[in-house]
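Heads up, there are several structures right after this.
Shared chain: subunit A. Partners: subunit B in the first complex, subunit C in the second.
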Partner chain A sequence: MPWASSQTLDRIKRTFRKITIDTQPNFVCLIVEDTQEITNILKHLKDVEDFRYFIDFHVIDFPKEKDRFLGQYILVNPYTFERLAIKVWFKSNKLPTAKEIFAGAKWAEREAYDMFGVEFEGHEDVKRMFMWEDYKYFPLRKDFPLGGIPEQKLPSLTEVLEGNTFPPSHDYDIMHTYVPTIKDIEKTEKSRITKKGQLVLNWGPLHPGTHGTMWFLFDLEGEHIIQTDVILGQLHRGMEKIAENLHYFQFLPYTDRMDYLSAVCNELSYVQAVEKLANIEVPLKARYIRTMFAELQRINSHLLWLGTGALDLGALTVFLYAFREREKIMDIIEGNAGFRLTSAFLRIGGVHYDLAKGTLEVAKYFVKDFYSKLKEYHGLLTRNRIWLKRTKDVGVITQEDVYQYGLTGPVARGSGVAYDMRKIDPYAAYDLVDFDIPVGDIGDVYDRYLVRMEEMYQSARIVEQCIEALEKMPENEPYVNKKHPAVLPPKEDVFNDLEDMVKSFRIVVHGENMPKGEVYSSGENPRGELGFYIYSIGKSSPYRLRIRSCSFYNLSVFPKVIYKHTISDAVALLGSIDPVVGETDR
Partner chain B sequence: MNDMVFTAIVIAIKILVVLAVTLGLGAYLTWYERKFAGHLQARRGPTVVGPFGLLQPLADGLKLMTKAPIIPRGVDTKLYYMAIMMALVPAIMLFAVVPFGPSFKIMGHEIKPIVANLNIAILYVFAMGSMAAYGTLFAGWASNSKYAFIGSLRKAALIVSYEVVLGFAALSVILLAGSMNVFDIVDSQIKSGVWYIVYQPISFILFLFCLLAESGRVPFDIQEAEAELVTGYNVEYGGMKFGIFPLAEWYLNVLALCAIASVLYFGGWAGPHIFGPFSGFIWFLAKTFGLLFFVLWVHWTLPRYQAKDVVEFAWKYLLPISIINLVGTAFFIYFKG
Partner chain C sequence: MASSINGNGFITTTVDELLSWGRRNALWPVTIGLACCAIEMMHAAASRFDIDRLGMIFRASPRQADVLIVAGTVVNKVAPMLKLIWDQMPEPKWCISMGGCASAGGPFPTYSTLQGVDRIIPVDVYIPGCPPTPQGLIYGLLELQRKIREKKVTRYEKAFEEFKKDLSPEILSGIGV
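Moving on, here comes the complex of A and B:
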């Protein structure tokens, strides 16, 4: 169990007598009564108790309570891997900032402000994270309507550039977005330049180097970046709001659309959180299938990183070599799930379909072939002098940065922090297979490259072991735990069995009420720790679902690391952090 | 009088032939490169337009020419157009001093298959190469775009690093041949029976580096650097205006420099007479395309350097090496020759 042990909790309780400790089966938290004391408690936890790894900060809205908003930190002790949540109520919408203690809290607080309109003492110039600057509303509040508040007409480009045209060039509905004009851009530029010879470079939102709709503002001196702003929100869809209004099983396909390169891994993290909440046992076969597909997806995602990362640094051919292998994985996934990218293959309590005929043979052949392909990639890049020159000692992320900013996944492991949820809190069948966690040393781009390359090798090993285990299983082993009331029965049973049909109807129409309680559960995504925090009040949909996004926190270190480096390094660094906008923005 | 008319006609024909061949070849090099890259990358390259996709360059050209001409606002229009010319003209002019084969006789007149048989041909090559850089610089300056601007500044950094090395590298060959005339250089290689690559392997490698740098090919394509600067200096150009830049830089420039390199280091048209009267021409083209193959191979395999790395590499390593090489060659010639 990765949660804080009772000894640790006792120690903390002895130091701070005013706090209450709430221990649930999948959640352990400290409830801090005195809002002003939170800074001291966080400092104490960080310095004395070694909970120095910042994982998440989020807010829950209780409109009927006296102090409406509840803030919650999640911290981890990186030496014992104990996890601890700290709850604190906002006093009249205010909370002391934690950005001095944990640098990662800066972005988390910006997001909290953006979504809930809460304020942080000591973090006054807090800016919107996803929504635009003069947006008046706070979407994750419970009183914000699901359909949004339409307020602005979206003009066409000719209208923006040449004044209103009649008849209008397009029939636009009233939209929610504000389109910046060239004047706005010039104004920003002027406000940012401090001395002669500087240049403000708009890098994105549509730029081949950013791998998605990410917007960077670089202040350049020569080609050196002296200040960076990351402007997110181009792909913000309000996933957390959507989740609050859907049944648990309905939200599953949405998780695919977050980190669209590792759909199965996202599903796995989510499904696992719901299973913990509802206490659902998963059949062994489903666990193996999940593991196999998650690892195939990890290879898939890392291959895309390798291809695009190499493309960013000018190696054109690696891209297609990587996509060639990627295609084979997509075919395996498509053959089983019916979809290639956003597969929606897992289900709460199991997987959607049994393994398609021949999957194991194909996967077996793929893995056997993949080892030689991996050698090919190594041959192209690993000892290439230009590659070394571009990646060695570029974008160094220290261990302290990792803890401070809450970096996870290969980014953390490249810096020598062996933080891998698959080992710390084994889920699916990870406790039944044998694999190693590669760890880097310096934390530069090259280390992260090596870590990811080795991870692909380890993933292939895991897939091999899963295939072995699955081959030994009898064919009619159950792949979904349909006995549990919250689990949708498989399709073929629904069509042939009256009871299953009734059950399916009931769940699809009304949803199944989940027990009250809280869960924070996370899985190891290709990009880091993807956590789901569910606050359930016993309904069929979560009261609050928080997605702890790995790309979001990994990206937050970017402005610090890129300081005084060139644009070329920015490309290399961004490639090695490998954020996916679908997940940073959610 | 008769002689003069004849010479004028011959020169006109030469110019026409060179223009037609280089521009046609330039267009078809796109096909060659795409096919080559395709097979390198486990794909097939163009296959749809014409047999083996052979009509692809024509389709591409047609597409580029029929595009709507867009000129961004705030552009320095004169420079904007001049940049295109500055890129294209020097690239074509380079072919003026490329000897396509040995001299032959028609109607009693000796004809050299070269447009201008200059005695300072190699110097002329350097000059034209430097002129081509203005195309990039102007394009970046005139475009009123930051990406283009940064791209062209990077090109300036690149020129600073490779020009000097290029000079010193070629100078050692000129010392060996004792002439800057391309015919003399080839003749002296044929006479001694040894190609200069044997004497000057270091100089050849330096020359290759400069060739890649001058033509903006990987690993020195920093002025384009797609992932960083979109496409760098030509980002604001569209249609055929854009098409000219890669045509001039990536194809014509590379082709001309490969031809010069085969003259300097591989004995030009020297080779066994196994193809009858055309064997000289065929050998020359074979050598040129062999080098071109190498350039493409590098292009589709390696990652790219950073601007600062290129400058550092050129000034710290290549320049001292080229000077030592030159001085060594000079001593060798002084004492032996």
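Moving on, here comes the complex of A and C:
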């Protein structure tokens, strides 16, 4: 993605003389000195400079600085695809809210409050986003330990019921962080919604239709929803805190467990950010392998959406058919990475293994077969009368909503916004393959369905081209950049070469220090733009790693779209947004 | 005598064995997915592995289920809700902890994660893996069947005591208890 050009920056600088501009190779930001002026600057950027696409807002904690918290917005101009970050310091923990300018900031600010305890003037609805209402701490602050503060005795019931054995069945710490009671949870629920209609209906958190552990509160007037609140955090595992405590390469397996349906795509976004930070070149073969696996994973993820989305609307057959193809893709991934779901296949600087023998033949056969299977899915649903009635003109998302809420991926493209990181800022081998981006027309559930179906077709095309390119490559082509000091050498070299063994030992034990600087880099996940912002202070682990989650922002439009619609539409809409809880909550 | 009966279309068995046979061959898990493991749980139920053939049907209501598969990371916030679901399941019931996160916190030793679901729910079978493959889950379920077979049924006596409490003394004396 081209960052904001110097002409744009000059223009902004001319209007606002007090701001400073910081240009780094992979990061361009405006630093705003006067906190109160931020509202004007954001308005100006949105209305005059056309930076209307809200991408992210997050906070960085500097305990030793005078103002401590630094807020950062990331905006995109949807016409020229320029990207710009705006930094502003909180004045005594306070910042004017941006939710009037960008609706997506509403949830982002709630998250910032939850994690850092910062306040927003004019935001009356600042409540906990992930934790429960009476939670005492602000976990992402630098002075809060990763493991939390143990304050409750919580023994293992296996030991309680069956007695202590020797040697002990469990090796664990009996003290545990505070686990809320059902009363705490009820209090959280009550604080979220003031009843206006006739009935408040709970949907979730442990309901099969909510795709995981999301919790919806619907305030109903008859069958129509007049108020909605989404309670998240039923899978908040503290990913961003973990990243701050690990070396760069150690965080890679954790990205798999975020959006667990598209593990390779997550890894690709992450390694890309680190590679940009450390300036690591990736060999061509590795780029093709990455692209091929990312696209296989995209098909895999869309198939799960197809299966469960149709299952939610009552079509069980599609679920079984979609899982049949998923098994084949998982076999290809397992054959190469050794793992079905959370593959950890990529490495910083390349891929973990060379392609396993026979992968290309299997993949080729799969793709050839997949086109006919795709026709089968179309035959089951595309002109199915029940499917059309449930999805046409349901859950319409407008283009303005896309920009306001920062929606990305098929949700944005279904509404006609051709925003795809693979084309805008080609990474891996996407600049070497030929593919199209499908866009929808009116942005209803049916449009998003068609967009995803077409994306699967395009992905299959990309896989075909990657196979073709990989077949032409000589067998001993390098698949990892061994020369760079920050890259872990492949295992067979570690066992056979002294230098590589020493290098591997050094990186694993001490980690490799990365250069100072900031990077925001994103990749196109099956669900949208997954971005990683890394603030490096020259150590072997990031000072702050922010995950810009696509599911989180995509879901934030849900309460608006479902207003005055029925509960059955809510099921269809949620299926078409297709969030994954591991990523919304992180 | 047993052999002559068995040969003529009858079988002799104990009540214990009959109950345990019925229980272990109709394990109905609750449809609850928490995280990544839920996807592998879905795969176990879908086309290729199809655990329906072992008599296991996923039930969406805890009232109709007797196995709780804790599939995924249990965070502190979801723990009381999961416990509530466990309490809603009728006896006899079993719990399977699927994957590293549910068994002991897994790779998440953080402020928000429950370090092992056995701190709130007694677990019968632990399945390692991150996530376990569907084969792993099926192996765990078979192990649970074995456990039910080998462990004598003790709970029905307790259930009968509960039942007796509800009855009036006249009825009890009438049926000779």
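The working rule: the second predicted complex is superposed on the first by the 536 of 586 C-alpha atoms of A that agree within 3 Å, B and C clash if a C-alpha of one lies under 4 Å from a C-alpha of the other, contacts with A are read in each partner's own complex, and residues count from 1 in each chain.
Everything below uses one rule, namely that contacts are C-beta pairs under 8 Å (C-beta built on N, C-alpha and C of every residue); 3 or more make two chains touch, one makes a residue touch a chain.
Predicted model, so just to flag it, every value in this text is computed and none were measured.
Applying the stated contact rule after C-alpha superposition, one finds that A:Pro208 touches each of subunit B and subunit C. Touch criterion met: A:Asp312 reaches subunit B, while subunit C stays clear of it. In the overlay built on the shared chain, the residue A:Ile567 is in contact with subunit B alone; subunit C does not reach it.
Of the two partner chains placed by the overlay, neither subunit B nor subunit C lies in contact with A:Ile193. When both complexes are overlaid on chain A, the residue A:Val48 reaches neither subunit B nor subunit C. Between subunit B and subunit C, the partner in contact with more residues of subunit A is C. In the overlay built on the shared chain, the residue A:Arg324 is in contact with subunit B and with subunit C. In the superposition on chain A, A:Leu380 makes contact with subunit B only, while subunit C stays out of contact range. Of the two partner chains, subunit B is the only one that A:Glu223 touches; subunit C does not reach it.
Shared interface residues of subunit A (contacting subunit B in one complex, subunit C in the other): 207-208, 320-321, 324. The part of subunit A that touches subunit B in the complex is made up of residues 199, 201-202, 207-209, 223, 310-317, 320-321, 324, 380-381, 384, 386-387, 389-390, 566-571.
Residue ranges on subunit C touching subunit A, taken from their complex, read 31-36, 38-40, 42-43, 46-48, 60, 72-73, 75-85, 104, 107-116, 118-123, 130-131, 133. Listing the residues of subunit B that touch subunit A in their complex gives 37, 40-43, 146-147, 150, 153-154, 218-219, 221-222, 225-230, 299-309. Residue ranges of subunit A in contact with subunit C, taken from their complex: 130-132, 137, 139, 144-149, 154-158, 161, 170, 172-173, 176-182, 184-185, 205-208, 212-213, 233-238, 241-242, 253-254, 257, 260-261, 304, 319-321, 323-324, 326-327, 330, 340-342, 581-582.
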